[in-house]
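Comments concern the structure below.
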Amino acid sequence: MSERPSNDHVSNGRLDSATTRAEVLIEALPYIRRFFGTTVVVKFGGNAMGDDALASRFAEDIVLLQAVGIRPVVVHGGGPQIGDLMARLGKEPEFRDGLRVTDAETLDIARMVLVGKVNRDIVSSINIHGPLAVGVSGEDAGLITANERHPDLGFVGDVAAVNPAIIERLLAENLIPVVSTIGADLAGQSYNINADTVAGAIAEALGAEKLVYLTDIEGLRRDVNDPASLIRQTTADELAALMADGTLTGGMIPKIASCVQAVRGGVGQAHILDGRVPHVLLLEIFTDEGIGTMVSGTSQA
Amino acid sequence: MSERPSNDHVSNGRLDSATTRAEVLIEALPYIRRFFGTTVVVKFGGNAMGDDALASRFAEDIVLLQAVGIRPVVVHGGGPQIGDLMARLGKEPEFRDGLRVTDAETLDIARMVLVGKVNRDIVSSINIHGPLAVGVSGEDAGLITANERHPDLGFVGDVAAVNPAIIERLLAENLIPVVSTIGADLAGQSYNINADTVAGAIAEALGAEKLVYLTDIEGLRRDVNDPASLIRQTTADELAALMADGTLTGGMIPKIASCVQAVRGGVGQAHILDGRVPHVLLLEIFTDEGIGTMVSGTSQA
Amino acid sequence: MSERPSNDHVSNGRLDSATTRAEVLIEALPYIRRFFGTTVVVKFGGNAMGDDALASRFAEDIVLLQAVGIRPVVVHGGGPQIGDLMARLGKEPEFRDGLRVTDAETLDIARMVLVGKVNRDIVSSINIHGPLAVGVSGEDAGLITANERHPDLGFVGDVAAVNPAIIERLLAENLIPVVSTIGADLAGQSYNINADTVAGAIAEALGAEKLVYLTDIEGLRRDVNDPASLIRQTTADELAALMADGTLTGGMIPKIASCVQAVRGGVGQAHILDGRVPHVLLLEIFTDEGIGTMVSGTSQA
Amino acid sequence: MSERPSNDHVSNGRLDSATTRAEVLIEALPYIRRFFGTTVVVKFGGNAMGDDALASRFAEDIVLLQAVGIRPVVVHGGGPQIGDLMARLGKEPEFRDGLRVTDAETLDIARMVLVGKVNRDIVSSINIHGPLAVGVSGEDAGLITANERHPDLGFVGDVAAVNPAIIERLLAENLIPVVSTIGADLAGQSYNINADTVAGAIAEALGAEKLVYLTDIEGLRRDVNDPASLIRQTTADELAALMADGTLTGGMIPKIASCVQAVRGGVGQAHILDGRVPHVLLLEIFTDEGIGTMVSGTSQA
Amino acid sequence: MSERPSNDHVSNGRLDSATTRAEVLIEALPYIRRFFGTTVVVKFGGNAMGDDALASRFAEDIVLLQAVGIRPVVVHGGGPQIGDLMARLGKEPEFRDGLRVTDAETLDIARMVLVGKVNRDIVSSINIHGPLAVGVSGEDAGLITANERHPDLGFVGDVAAVNPAIIERLLAENLIPVVSTIGADLAGQSYNINADTVAGAIAEALGAEKLVYLTDIEGLRRDVNDPASLIRQTTADELAALMADGTLTGGMIPKIASCVQAVRGGVGQAHILDGRVPHVLLLEIFTDEGIGTMVSGTSQA
Amino acid sequence: MSERPSNDHVSNGRLDSATTRAEVLIEALPYIRRFFGTTVVVKFGGNAMGDDALASRFAEDIVLLQAVGIRPVVVHGGGPQIGDLMARLGKEPEFRDGLRVTDAETLDIARMVLVGKVNRDIVSSINIHGPLAVGVSGEDAGLITANERHPDLGFVGDVAAVNPAIIERLLAENLIPVVSTIGADLAGQSYNINADTVAGAIAEALGAEKLVYLTDIEGLRRDVNDPASLIRQTTADELAALMADGTLTGGMIPKIASCVQAVRGGVGQAHILDGRVPHVLLLEIFTDEGIGTMVSGTSQA
């Protein structure tokens, strides 16, 4: 506190409000202690990325995490933004078996948008709070080694290996890495890689405590049409089973599969949260109530 | 969040509450960033020390400060508790010119009570939260070199020098020093020293950001009988003037004089707070509203 | 040496060639010793950037510098590439008093091209040799604080301050920073900044030993039309005088002014070299013969 | 040597004395080299603690150990001193099955005496030689986790766990820890614990080279009434056998059992020495002759 | 480049030469990268040691290795120089079964020559390039523990153990150790040891990447009289077989046996090179062509 | 103590002896504390060097100093030993104006004797106690830069500069440097330098606490023929005056001048001791009585 109104008394009302504030801080205490020094990988995406107010709150949350000693790593995608620039350039998207084909020009466009626009916007919104964020591409210092998924798909890559040294160096300097998911193969050829998959692979390589997906949905549902079927807490094994028996399908599969693999690979918990809820990251990490779907290694219910 | 009620939906009420919580955390953010890594010396005393609920909340506050990267140092007195044991032992207090005379037996009793009881109780209440606090006496590792105040007063000492190395070592290990204010001269003779004075001298020696006195009053008043005359913000020079012209007198003088000297010696701000307000430390440090009296080097109003 | 032709004798011819090789290495020895551990900032630009063979040799040179203990930093521009994408997007360039106006959309395009394409291409060409290069934008970790040059020009910025901490951290990890010259002001607004100017400012902030401009010309000439007037060695004062009296004018001015300021600010020497000569960087640094124009603080002729 | 008598010659007598001195130092050399950097845990107790001359010599010995690179840790008890204060306060000791019952008030008294008086006296006597000693209670920084021995005995504890981190930190700073044997359980409740047992547990946790008990007896005897039956050297197995067959009984049992356990747990040797012999610690460690009883893992006779 | 001829143009001839130079540097690049930070033990001996020009080039080569990040260790012998001083002192060499007997006086002479003359000359020739080399004898800091080969041979020793700590400390400070091959037994008696054997033992103890013998021959030959039988590349197993079947015999045996043992003990490659070829060390390490005989663990042909 | 006679009682006589031993150790305590971590440069020379018993005691003393945390550096000469080898080689010493001329052959002989024999003997006698000593020549790592004293004297050098880095590195590793006083000029030419002078220059460069000359005399005398005129304690100024007025002359002058310069250059005290007294180093440093002549910056009598 550095400036203050002069001389009015502490009213009861103010004290009550003050007590509430103190209680919130005290409620956060065990979480601050528990997560101090741990790494949290957050996949930022979906509509939240396009909403200035939500993006600004997201930046605040990331900065708060860092301020209390957590080491956040942001991974982002940007499919809609890539589509926009392709459209403006008159580039027709081409699909094969339902998957987008990435020719050299498409890759160039994707790279420009991801590294040169989306990444920059996130870095800028964080750095309003101080010189904290550093943009990183998977091509930098060998972070992501990619290999070709399928010759027919062009420069669509899979994660062959993650060398997290550059991320760890930045974290060690109390910086916040913001990662674009372009990788390169050993010959220097770049590939565009699914950001959900990269987020999971980085979390695993870092031995992260948490992997968090900010999405446009409230969480996973057993029955996609029944809000009451929201899965609040589950295990990697249960999720794997729900994928295997076809209960879970569709666009969430890369996130779900990454949650399963990350948790099995040593990540503490994975979370699928509703990025449309303001400050949902803080609420998940620092308060007693859970939000969205939490995946852990073994049942804790 | 590690346990959670299964499957009830996020009600509007809960979201509202959640938003409030997030806002409190976000409000705390600039203070967390500003005070990260700084040292805060807190003099704990008065009635708060005897009230179990307040003592327990005080411990929570100290632990929260440490959890978010502040380095708290606790300094305590214990006059009433010393008086109690003297009474039980049938030892008559002796006064000369209004000051208590400390003979060898009284010193022994004071040392037992301060180091062996009051200090222990504070350490224990903090360590319920983890192995964090370490009791330290001014005699340890040359922390406080004392000299005799006046031959007639016996073993009542003044601070001759502070060697904060042991405090700094403990802080560097993320431990919380709890200091009893017994000092020793170079010949190994111990002395009892005023805790308010020691708190200021330690804050100055550590180059602390803040020196906080938890007291039984709301703050300093220009007119001791007029609650409306509460001084919310002042400077070392102004306080020195108010002492010089007799406006401020009485039992608060050691605290006030220590505030003036500490701020002049490089401490960022000194605070006189009402220790009876629950979590007053947190409210002062982490919220926009100020409480009690703040003393800084130069006017910031 | 790991594979070798079996059993043919060392011919005289081979020995001669071998001796020559050894002599080249021995000739390089004093330069290797002299520049070990020093920082060399290289501005890469012009036509060399678009020529795959030259770009590939440039990458080899940078990697060799790093292999022998020099700490290279690459700064790049990309005006022609920005123009290309603007043209493809049907965006008309707008000029005011001969200077290009950068509106929000132009800035977005410039940023995408510089950070998302040109920077990436340089990083990729270096990283074929190992996980060495890391792309950095001036917006990362507060590297370049910009301010607006003139309201009429839109988001064209000047360098207000350079905080080289992120560069120094990467250099300390034996990584090669490749810098795009986008800066941000304190409110988070980005600006496009002249790359020649940024290169000089970074060299000065790093206390670099050398600042090297790779250009499309052989070096500075006293008379632009007379190849015989090539300036091989000069001082900051002499160059400043040649600018003041109008001998030197035109597009080289930002480079020349940056050379003068950098050398006056503590950089050992500045060089304007012909980037079209293969491996010109190596020849300048590791051989006895000089190439292009060298600017030092005081005359050494 | 900084002051000297002027100009009298080196007499033969003085040279002889000088040679003797040099020989003593040279005799100590292999022990200094052997024990450099090792940890020695010394249990200080019995009558030596109450004898000012012996206490002062004990402090000198501890300081000499530290000066030549040994890392001493002092553990103390204080039964008689606790009894004194209880008597003065009119508190009747209560026994059950021959063991003293420790109610809350007795615990308070014990803690005040141990931490606030006995510990302080030892710290003071060492710190006459410099700012070396630091008082530590088992409650500090989780040093000793206690659990209740038996409900009928009140707050009498056993050692559940030792976390020697705080001791190791102080040793690493060349400080001398002086440990009071109050422990706390995880709920923050304090217990009084047998000091002999704590000394052994700390020696084991630190991987000490030596555990030394300073006692009021010459050493262990096979026949308590026969001075000629003094055991000069033995093994943990032999001692365990002598306890099992009833040869050794009585008040020395906690010390003997701790010697056996410590040596089996990795401590190099345990010693039971006569604390009434001046400088017995130095003689044991730095001279060729042994004193008292030495317990090692395997027979060395 | 610090001085330069003024204003003459870059002739074609100069460019050609320049390009050649750049290509040599670029050719060296992969070797510089591959061997950066590795240790190379070089046995210097034979006639090269007595030829001032070759000795001077040898010093240049060692300094270049160090300048590009390789850690060279020089081991030397000096049989002819020992013989010279013995002759001058009128000391008759004595042989038993063809081996020279080393009595106390001979040892004294050998030690003076090796440590006090040959070692000094090598150190001096390196230190013309800067304060780089440090002479070390096997007696220093326990580097080589020797034991007696045979009572009849006097003070001729074998390597009992190598403690490379002093070498590693010097290497860590970027210094160049130059080792004389005198060792000592545990009682302090010195012995003269074969330098070829010591070089191999030190290379093995350091886990060196390369062990290089500079000799007076072109390399090993299958048929000593047939230059066409030069072995350019071989394995430890093959060499061991050639020694076992008597193909290889004579004075090269200590070198060959050391190559076999070192490579089997973890050294990357061992080389037998012709020390009469100028800069043969550089050519072997930094160019694509191999020279002399290379021994590796497994066949790479 | 690891072995002990079984079961005989502690006799009074033994206790008395034991007490004496303890007292000697306790008497040494303040000196151990005072000199812990300080550097002591000892010039070893004169007849003591040729007496095996004294040399062995000297080694013990040096090892004891190191064992209690002092950092000893030994500097040695070897004039008589050089003369011996010259005589054996039939080399006539040549003098000019009373100073020995050092031609190339004489230098070679001096270097062999000093570095290859005298230095080795001292290193060996120390290393009987462990791998502690390392021989160093002034030529190693640029320790002593020499320049020619006078063309007529040949390779007799003066100290131009001392770079103590190699000594400090060895001390930091708890090794004992033993220094031969050969230096080299920048062109690599070696020179023989007076060892007394080198000892003082190294003490000054290291900021040593003490510089000790072990000699063949009892100390300095005001009247060389009157034992009663022994100077026990003096200052640099007084010594300089005694040299200036001709009271002190002769062969001690290089030592005396070095004492004066070293003390004026920051060395704590310089001592001229009688190296024939057994363990005189220990007696001087660790006992209350002074021996020989002590030179300090200012009068302490």
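So that you can tell them apart, the chains are marked A, B, C, D, E and F in the order they are listed, and the count of residues begins at 1 in each.
The rule is simple: contacts are C-beta pairs under 8 Å (C-beta built on N, C-alpha and C of every residue); 3 or more make two chains touch, one makes a residue touch a chain.
None of the values given here were measured: they were computed from a predicted structure.
In the CA-based superposition of chain C onto chain F, the rotation angle is 120 degrees, rounded to steps of 5. Between A-B and A-C, more contacting C-beta pairs join the chains of A-B. Among the other chains, D has the CA centre that is most remote from the centre of chain C. Between chain E and chain F, two chains of identical sequence, the interface residue sets overlap for the most part, with shared numbers making up over half of the total. Centroids built from CA atoms put chain E at 42 Å from chain C.
Between chain B and chain C the centroid-to-centroid distance comes to 57 Å (mean Cα coordinates, whole Å).
Chain centres here are Cα means. That of chain A falls 68 Å from that of chain F.
Shared interface positions of chain E, defined as residues touching 2 or more other chains, are 130.
Circular chain order, beginning with chain E and continuing to chain F, reads E, F, D, B, A, C (contacts as defined at the top). Across the complex, chain C meets chain E through its residues 1-4, 6-7, 9-10, 14-15, 18-29, 31-33, 36, 60, 63-64, 67-69, 129-130, 218, 227-228, 230, 232-233, 277-279, 282-291, 294, 300-301.
Residues of chain E that touch chain F in their complex: 85, 88-89, 108, 111-117, 119-120, 123-125, 127-128, 130-137, 139-143, 163, 165-166, 169, 173, 175, 182, 184, 187-188, 190.
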